[in-house]
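Structures for review follow.
What follows is a pair of complexes built around subunit A, which joins subunit B in one and subunit C in the other.
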Partner chain A sequence: MFDNIISGFSSILAIGPILGIIAGVIIGIIFGAIPGISAIMAIAIILPMTFYVDPIIGITMLLAVYKAGIYGGSISAILINTPGAAASFLTAQDGHALTKAGKAGKALDMSLFASVTGEMLATLVLILVAAPISLISLQAGPIEKVFLLLFAFTVIGSMAGESLPRGLLSCCLGMLFAMVGMSTITGAARFTFGYTELMGGFTFTPMLIGILVMPEVFNVIKRRLVPHHEMTITHSPNPADNRISFKEFRSVFSTILKSSGIGTFVGALPGLGSSTAAFIAYGEAKRTAKKPEEYGKGSVEGIAAAESANNAVCGSSMIPMLTLSIPGDDVAALLMGAFLIHGLTPGPMIFFEHTETIYAIFAGFLITDLFLLVIARSGFKFFVKMASLRRYYIFPCVTVFAFTGAFTAGQNMDDILVLIAFTVMGYGMRLVGLNPAVFIIGFILTPFLEQNLDQAMSIVGTDYYLFFASPFSWVFIALSVFFVFSSMRVRRKTSNTSAQVEDKTA
Partner chain B sequence: MDRRKIDVVLSTFLIIVSLIILTNDNLVEGGAESDLGSMFLPRVVAGLIILFSATIAIQSLLKLSKGTKIEGLELISTDGFSGILIYIGIFIVYWLAVPYVGFLVATPFIMIAVAILLGGRNWVPIIAMSVITPVLIDYGSKEFLRVYLPTWAF
Partner chain C sequence: MKSSKKVLATLTAALAVTLASGAALAEYPDKPINVIVPWGAGGDSDLTTRIWADAVEKELGVPVVVINKTGGGGIVGTSFVARAKKDGYTLINAGLSNMLITPNFSKTPYNFDSFTPIVKMTSVPLAVVVAKDSPYKTFDEFVAGAKSTRVTQGSWGATSSGTIQANIIAEQMGYKVKYVHAKGAADSMVSVVGGHIDSAVSFPPAFGPHVKADRARALVMNQKMDAFPGVPTFADYGVKGSFEGWSGVFAPKGVPQEVVDKLNAATAKAMKDPKVLAAYQNIGAIVDYRHGSEWVNDMKVTYGIMKEAAAKVKK
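And then the complex of A and B:
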């Protein structure tokens, strides 16, 4: 493994990948910092531009956008109390309180250092853990993979949706849309209604941009009458308030380590994502803090906990994707699509079929952290200025990039129609509480499920009991049932708590 | 807008579509024989869609019949929807116009339209941005991506 890592570094330390990382970090921070634009939107828009470059450059650039985008969300959270990303909600509470006290520099510094530390630790875990897990998952045959995929659908659908039936329905709709076009198993045309344009199925990129990106533009247009907030970095006359000293960083380092651990663990579980990680880590840090009353009122430790946890998810969310072919959240689903477009099938075999590429991507992941640290630290003012651009400058550009991105994928105007249709559908899904990210995960994983199910059927023939002969099958069935019930319990508990709070306030 | 009513309509629609998938054999054409069959998985998924849609519809119907107060997420705010409809209209015009007038001609007008929709009135920077951005995108696509965006067709 050590040789592979060295070889990965030698591949990534070239002009192309480095320029890709720098561009990715800059784009990610800007997009992440703009309220209303998230990292996922940035990745989806940049994705078509990476089709025509080497996978090492393209994928590392997308990963740089992802990491920097998650961090960028904390800038608007701290300066104007508007999280650029949902995961920065808690950072907004403490960070904005510090901004109001004239200590914006301190909050921004803490957020950056905690983000980079969290990301780096999670990336190291990813590098050390992914290959050994892939060795275990290689033992799985088609039958085990079928149960693994069913487990993934169940967990993601039940954990990520607004409610259990809505989450699972989102997943089923994604599965249904994935089956439009020519079946990869039988070659039959399904749900094409005589339109040859549908034989290839729905083009992934326009659908992705439509489902995940454009509804955000709709949201901005819907709220277009809300006044624009200008971002400014407040300065204190006391220089110590404008930065984080080594002593302060050392005092919160144990919190960062613990929160990074929580973020890494949560990120490795499918369906939970960075917001959950931030909330758990923040709660745990507050529980064990010496001054818990400061949390939410300008606690540097609170920022460290939330930011290190939500950024740690970036690295660890790749673990299920690279070892089991299961994207843990919406960004991982998008990245999985990017891997597939670049001819790399995420899964255990990637470590054997594309060893050099995957370790180069890992090395790029680590190097991105260094670039993020340097670029963000030296360009705070620039990023704040860019993120303060009025929405009538930003969203016309987003519209054109979405159009171009959708067209670039297949160089076909029909793809623009796909983009428009899925944009409306994606927005409609949000309105009725269906989860677009779960829809995308269902869409991506269905071909794998069908392929493995077909192979499994060939193996078992008419002896259907063989489906349940492997202990793996039972483990995944048990895990699926456990996740569904625990999700139901958590939801019931949450609704009871909120009902009690409402009763008390009434 | 009461989301529960939309839930009932949407669930009914999905149930009807799923029933068609379950019963209609003409939704698949051709294909080789396989152990699984081309419609096995679509029909399993259709069955699950009926199950989950019915659950959502029943929950919403029960709340509607009991006259339960609308909770946070069940209330869909329609403020600003007109802007969304205008934006969709602009995008459809863009889609229809580009094959005829080309990317470089259509894009500035679309960008200006979106900027105006979002309240932009600083004409000089908006027009400059609307002209420069498509030129840069067109050049970048052609030179770096080897993608040729549609041009003037007349």
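And then the complex of A and C:
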């Protein structure tokens, strides 16, 4: 395994991948810091651009956008109190308090150091455990995979937002759209209504951009009268307030370690996501803090806890995705789509079929953290300036990227129609409260479930007891039941807090 | 008067020169050639075509650009070329599935007749494989087993080349299998090696690594291959009408003969280049450079087999 990692480093340390990482980090920070553009949108916009390069470059670039995008979200949270995602909500509380006190530099520094440390630790865990887990999951045949996929579907329980029925409906819609086209099993045309263009089903990239990105552009148009917030870094005459000293970093280091651990663990469990990780880690840090009363009023330790947990999820959410092909959250689902487009099927086989590629991507993960640290640290002012661009500059560009991206993927004009259709649908879904991210999960997982279910049915024939003959099946049935119940409980617990967050992020 | 004659003569000469050079310019190829791959980048068809494009580009002296025009299960890209100008600057990557199978099984705006075959680059033999610890050591034992018990066989879709071939064999040998359709031959192999299914129809890029690692065994194949010594062929068992996968390049019907000849000459040279051969070996493809009427007849025979198979399914 260690020689794999070393060979991974040797293939990532080339001009192409490094340029990809640098570009990804810069784009990620800027997009993440722009209020109204989340990391997932940034990835969707950049995705088509990666088709023309080697998977090693393309995937590491997307992951760089992801990591930097999550970090970038904390910039707008700290400076203008608009958390891009629910996960940055806690950072916004403490960070913005520091900004108002003129200590923006301190908050930004802390957030960056905590983010990078959290990501780094989670990535190391990912590299160490992914291959062994995949060895175990390789034993799973079609029957076991059916239960594995059912388990994967339980993530929608915690992703669905305030309404579980609407979440389930969104997922079913995703499943329905995934079935359009030629059945891979029987070869029959389904829901094509005689259009041969639909034989291959809906193309992933234009659909994704239509569902996730374009409706946000319409949202911005709708909210055009909301005043523009200029982001500025506040300065304090006392230079110690504008940065984090090594001593300060060391004093919160144990909090960062603990929060990263929580983030890594939560991220590895499918469906809990970065905001859950941030809330748990923040709560734990506050509980054990020497001065818990400072939390929420500008505590550096609070930022460290929230940001390191939230960013640790980036690395560890790759564990279930790569070893079991279960996307743990919406971003992981999107990245799973990106892996598929690049010809790499996430799942245990990836470690045998594409050993070099996957370890190069892992190495790229680690290097991305270093670049994120250096690039973000040296260019706070630049990123803040870019992210403060007026909306009427940013969103027309996003639209152009969206359309060219949808076309270049397959050089097929039909894809533009797909984009437009799904833009309308995505906007409509938001209006009636359906969840686009859950829709994407349903769309991605359904072909796997269908294929494995059909295989399992062929294998068992009429001996249905075989479905429950393997201990694997029972493990995943038990996990599914546990997750459904626990996510229901978490839902009840956090419904109050998340309502607050929704108000803030809206 | 004399001077005006001279002017006229000069003009005529100039015109002649222009015309001549115009004719020379029009010689194929004088601008980039586009090859449409109706599948996504990075797949077997795409890689096969890209190696060919890189190789003939050097011979032809113009860029040969591979464009992935995906959608509709290969139909979108293939019909685009069927409708394209017949000037030899728009070509299609053709294979068993989009040329011979899809037109028979789905309504397509094109047919095998809509194209002029130019060259075949690679072929992909089909085989029946089992896991190493399978009770079936030979194809005879497998046939006997499938006749007496329920045997599962991995394939990739009811209208895939694998299933059609497997059906032909099973019918002629008088046995039945239960198909387990995976996303592709590689996925089926995982199930075979994992002991979840009894056998699979497969091709060398998918089963080769498992056979070499002594995890699987090929029982019978389309053709003898040096990489898998001692494996009998379908013909050895008296099976008629077997076929194999392939990848080639076609032009829209009615393209000038000059285009076909030029592309053939360039491919013939390229296929002798050790670098090109090594590139094909790297992606696990078997180079099978063919062109001309004998090859076209072979394809027509296979097309007939597919037509028959489709008629059976529709019944």
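Here, the second predicted complex is superposed on the first by the 482 of 506 C-alpha atoms of A that agree within 3 Å, B and C clash if a C-alpha of one lies under 4 Å from a C-alpha of the other, contacts with A are read in each partner's own complex, and residues count from 1 in each chain.
Please note the rule applied: a contact is a pair of C-beta atoms (placed from the backbone, for glycine too) under 8 Å apart; a residue touches a chain by one contact, two chains touch by 3 or more.
All values derive from a computational prediction rather than experimental measurement.
Touch criterion not met for A:Gly20: it reaches neither subunit B nor subunit C. In the overlay built on the shared chain, the residue A:Gly141 is in contact with subunit C alone; subunit B does not reach it. Between subunit B and subunit C, B contacts the larger number of subunit A residues. When the two complexes are overlaid on their common chain A, residue A:Gly200 makes contact with subunit C while staying clear of subunit B. In the superposed model, A:Gly343 lies in contact with subunit C only, and not with subunit B.
By the document's definition of touching, neither partner reaches A:Gly210: not subunit B, not subunit C. Once chain A of one complex is fitted onto chain A of the other, the partner contacts of A:Thr184 are limited to subunit C, with no touch recorded for subunit B.
Using the contact criterion defined above for the overlaid structures, shared-chain residue A:Gly405 touches neither subunit B nor subunit C, since it reaches no partner. Shared-chain residue A:Gly72: touches no atom of subunit B or subunit C.
Residue contacts after overlaying the shared chain place A:Pro396 against subunit B, while subunit C stays out of touching range. Where the contact sets of subunit A with subunit B and with subunit C meet, they give residues 51, 183, 185-187, 189, 411, 454, 458, 461. The part of subunit A that touches subunit B in the complex is made up of residues 49, 51-52, 162-163, 165-166, 168-169, 172-173, 175-176, 179, 183, 185-192, 217-218, 220-225, 390-393, 395-397, 399-401, 403-404, 407-408, 411, 413, 416-417, 420, 423-424, 427, 431-433, 446, 449-450, 453-454, 457-458, 461. For subunit A in complex with subunit C, the touching residues are 51, 55, 138-139, 141-143, 181-187, 189, 194, 196-200, 203, 341-343, 345, 349, 353, 409-412, 414-415, 447, 451, 454-455, 458-459, 461.
Residues 3, 6-7, 10, 14, 21, 27-42, 45-46, 48-49, 52-53, 55-56, 59, 73, 76, 79-81, 83-84, 87-88, 91-92, 94-95, 98-99, 103, 107, 110-112, 114-120, 125-126, 129-130, 133-134, 137, 141, 144-150 of subunit B are the ones that touch subunit A when the two sit in their complex. Per the touch definition, subunit C reaches subunit A in the complex via residues 40-43, 67-76, 79, 105-109, 150, 152, 156-160, 178-183, 186, 190-191, 194-197, 313.
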